[in-house]
Amino acid sequence: MSDRLTLERSPAAALKWVSTPDRRKVVFAWLAVVALFVIGGIVKSGFASGHSISTILVVASFTGYVATGQMFVILIGGIDLSIPWVLNAGAILLVTSSLGHDSSAAQAVLLTLGLGLVVGLVNGLGVGYLGISAVVMTLAMNGIMQGAALGLTNGLTCSRCTASTPPVVHRAVLGSPLGIPNDLLLWLGVTALVTFVLSATVFGRRVYALGNNAQASFLAGINVKLVTVALYMLSGLFAALAGITLTAYGGQPTLGLGDPYLLQSVAAVVIGGVSILGGRGLFLGAVAGAIILTTLVTLLQALNMPDYGRDIVYGVVILAILLLYGRERDLG
Amino acid sequence: MSGLVERETWRSPRRHFVAQNSPVLLSVMILVLALAAYYFLYFRQLGVLPDTFDLTTIVDNALPLVFVGLGQTVVVVTRGLDLSVGGVLSISVALAATQMAQGVGVFGWCLAILVVGAVAGLVNGVLVAYAKLAPILVTLATLSIFDGLAIMILPKPGGQIPTVLTNVLTNPNRPYGLAFVVLALLIWFVLRRSSYGVGLFATGNDETAATANGINVRRTKVWAYVISGVCAAAGGLFFAARTTSGDAGAGTPFVLTSITAVFLGGASLFGGRASAFGTTCGAIVLTLIVNVLFFAHVNQLYQSLYEGLLLIIAVVLGLVVGRLARRQG
Amino acid sequence: MGENGAGKSTLIKMLCGVTRPDGGEIRVRGKQVTLSDPDHARALGVGTVFQELTVMPWMTVAENLLVNDPPRGRTRLIARRKLPDRAAEVLTSYGVPRIDPRALAADLSVADRQLIEIVRALQRKPDILFLDEPTAALSENEVDWLFEKVRALRQAGTCVIFTSHRWREVESLADRITVFRNGANVGTRTSLSEDEAVQLMTGKAIDRAFPKRSTPEEADPVLRVADLAGEGLHGVSFDLRPGEILGVGGLAGHGQRELFLFLFGAQKTTGGSIEVEGRRRRLRRPLDAIHAGSGIALVPEDRKAEGLLLAMSVRDNLTLATLPSVSKLGVIRWTAERRSMNRAIDQLAIKSSAPSVEPVGALSGGNQQKVLIGRWLMTDAKILLLYDVTRGVDVSTKQEIYELVISQARAGKAVLIFSSETEEVARLSHRVLVMREGRVNAELTGEAISAERIVAAAIQSQDGRGARASGDGEEVLA
């Protein structure tokens, strides 16, 4: 710990802290967050008010959750394209299994998270043990989840599908007994926990090692397959969590609910400075990435940008960031 | 001559053919199975065998996927992946539905749409080959951009496709569809036997080796994405001709199905090996599946589930067959 | 000529347009040229056989051979049907009709792929021919074949640039010899003795200062290997005692790498047994080897691809294999990790300005190698498998590594060592197993060990045929 503490004692040490490219990218990302709110406050009055910020952050948290899962698999050079329909299926499962009753809300939430874990497990087994490429495996899984969700609910027209989110789940996510929405506290907790796990635990170190050099990690005694499976399971878990919070936010699941989140999850991670090749990047960057994306789109919407503009902006932002960060790839 | 003339027994050309084309032969087998299932279920339901009209309709329905899949094949050969084909197809459909309504300059617009596809592919290609970005990320981002553009062009489903286009591209009463499949395969045949074809497969095999052998890897890759863009735009034209109206979301399913068709067709995950013939078989299988599910009374909504399962099965089978074929050698 | 990393391959890559020089000029027939790509060089009459083969694995032999000049029909389209016959003609005219033109390159042995690479370059009838270590994988017969072709080309007026490790080959073929050291030309001669050549290559007298070996204790073997077999290895047996340094010699590619990987559980074996400290072990993955008895450690061949996490810090790299010992409930204890890191840095004299943040990729080759060795010393493994640990390392670090190996043995560790420099194996080991075609061809002990004897034992075979790297022969040797 002494290493860290001494570093934060003086401004010079703080400068030294940002001396690595990974940390610098995180600082840039957070500066961009601040800049966006400042610009928003100038062009649109009330944009940077406490209430507005809190609303934006709640919306950003959904992206934040899927980006968490996506970051885990991207850190080992993988990708999870199954997020949209795991999220969507999770959202549907939450209401169809609870039927909006508080009494069965707990089981429904656990069931939904379990669904995410199981899908992640299958993804992980396919990638880690069968050697299927991550893109193909998770793309197929997205199709499977989509077909299953549509077929089983008859296109979301089944009688159980009309139920809404149990009120207790809604309150648990969006209530604000402590002055700020619980959802933001949850996101803060997730951020703290994931940052801790990635930076201070054996598991986290192994994740980075695996992303850096899978062969070397294998020869250093890391159980590569097991770590891979665990990470895909985490990705599924966070997609399901996003499904739960989104349904709590919207009241009812809709078809296509998860579709925008594939791109957003990847974009948030990339904007946060995580290398798509794996092994590099800090979680705080991905958090900032999620906030940047949401704030940017909210700002553009406030300026009357049509809906399709969002898709275009996401695409352009990703490409711009890739072009910007792609240059640093070769540096040690 | 020094003593290197000891001649070992060669495998016969036919055995080489079987071993080297086992994934494609597998895709033909899957096609035969799917056809058999289709004939069987059709007969059980209707008491007669499908006639030429039914078969022509299947080919017409398969056409968009055949074309998108062929473009995807070219990209997969270079170890890339083009997710943006969905967006290009959507733009193509949206343009066709909004611009051709008056029925004037239909074929001029067809050409224009193909050019739009080429430009879209060029953007992908330059970003992948010259900016050295990961294909999956580039095409994921451009997919989003192209989807947005398609909605901008055609905000609500609708529009009108002139009947002349339908009659030429997908006339169910005439086997034009089949002619287009043959044309596509013919183009591939020429491509495979051109210098570009050699460079394409060499690039997918090993970029360093290809460079050392004088192949311009970057230009080859750019062209691969351009071809994919043109093919996706052509697929959009066939799609519009068949559905006779436009929908800016038309392309979305093609991301999954085009990749599925390529791997059902025996392409290698590791690049350098793929076959247009196989992809065409894969595309027809995927189209047949819809009919098979229909006659088997399976809810159509499950379609993407079966596509996903097929993709995983195809890839796993490909890995297993590849390993077995190698072991024999 | 020159040692590994002396710059031979880099020079050839520049001269044939694969990589661009940062400066300087190239003149072809007196005219200055800037080679834009390999095609340009080819147009100027340059032909190249690359050290890293440029044969495309998923293409057939015929497609590979004729990639630049395929037979075309009347329509200018490539006549794919004619490819095999044309390729067979070419192969026959170069005296290698043995290779099946319809086979996939991926299914050929390394030697056969090398032959294709050579034939492809020769058939273009280049004016200038570069051969970058073309003989590494070839048998004696095949080397003779190659030399015959090269001499014929020279007669016809082709200028040939040939690089090799093997002195005998260079001596028998070359009119002039240029020696490279650390990326610079250190001398061109028309006649050169072997001693002079080695002196020029290493920059010092041959007699390198190898530290004195200790005598190993008379103890029970800590590692006992019996009939170990798997892909590339056909039944190898030996014992390894504490304090002993057992060398593995022979030409590269004769099963040494496989032996090390099998002993570390990194590759599947098909037969035989491994006993660690008297107990039979099944090593299915490296983790099993690390936990077998008091542990096995492997410093792998390619430190960049198989060893280090180049973008991660020196600390992360050092403690990667020992994380559980510096952590509690899965949480890394920073102070413990730091202490353990500092111990390794002190022991190996690793030079790093900020070991907790500095990426290991920013260190010099020698320091990188020390970090990798340090990682495994920290595990306190009783058995050290060292595969070519001095590769691409500067002379002074080599010296340090020799001393380290000896001192580890003195401390009771059992060491199995392979080096691409036979001299090292000869000077460090108490005993040497010379490998050939996946088997132990000879065992040398004590005074009998010398570099010359190792090389002799490596190429000597019962049936008089030369060495072949493919290892597919079933004949019984040794």
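Order as written gives the chain letters A, B and C; numbering starts at 1 within each chain.
What we mean here is this: a contact is a pair of C-beta atoms (placed from the backbone, for glycine too) under 8 Å apart; a residue touches a chain by one contact, two chains touch by 3 or more.
Remember, it's a predicted structure, so these values are computed and weren't measured experimentally.
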item	value
Distance-maximising chain from chain B - centres being C-alpha averages	C
Selected interface, B-C versus A-B, where C-beta contact pairs are more numerous	A-B
For chain B paired with chain C, centre-to-centre distance based on mean C-alpha positions, whole Å	43
Distance from the mean Cα position of chain B to that of chain A, given in whole angstrom	32
Residue list for chain A, restricted to those that touch at least two other chains	none
Residues of chain B touching chain C in the complex	1-8, 10-11, 13, 16, 20, 190, 192-195, 197-198, 201-202, 204-206, 208-216, 268, 272-273, 326, 329
Contacting residues of chain B [partner chain A, same complex]	81, 127, 131-134, 136-138, 140-145, 147-149, 151-152, 155, 255-256, 259-260, 263, 269, 299, 301-309, 311-312, 315-316, 319
Sites on chain C touched by chain B in the complex	16, 18, 37-39, 42, 48, 50, 52-60, 63, 67-68, 70, 77-80, 84, 95-98, 100, 102-104, 106-107, 141-142, 144-145, 148
For the chain A and chain C complex, residues of the former touching the latter	1-4, 19-20, 200-203, 205-206, 208-209, 212-213, 215-223, 279-280, 332
Touching residues on chain A, where the partner in the complex is chain B	79, 126, 130-133, 135-137, 139-148, 150-151, 154-155, 262-263, 266-267, 270, 276-277, 306-312, 314-316, 318-319, 322-323, 326
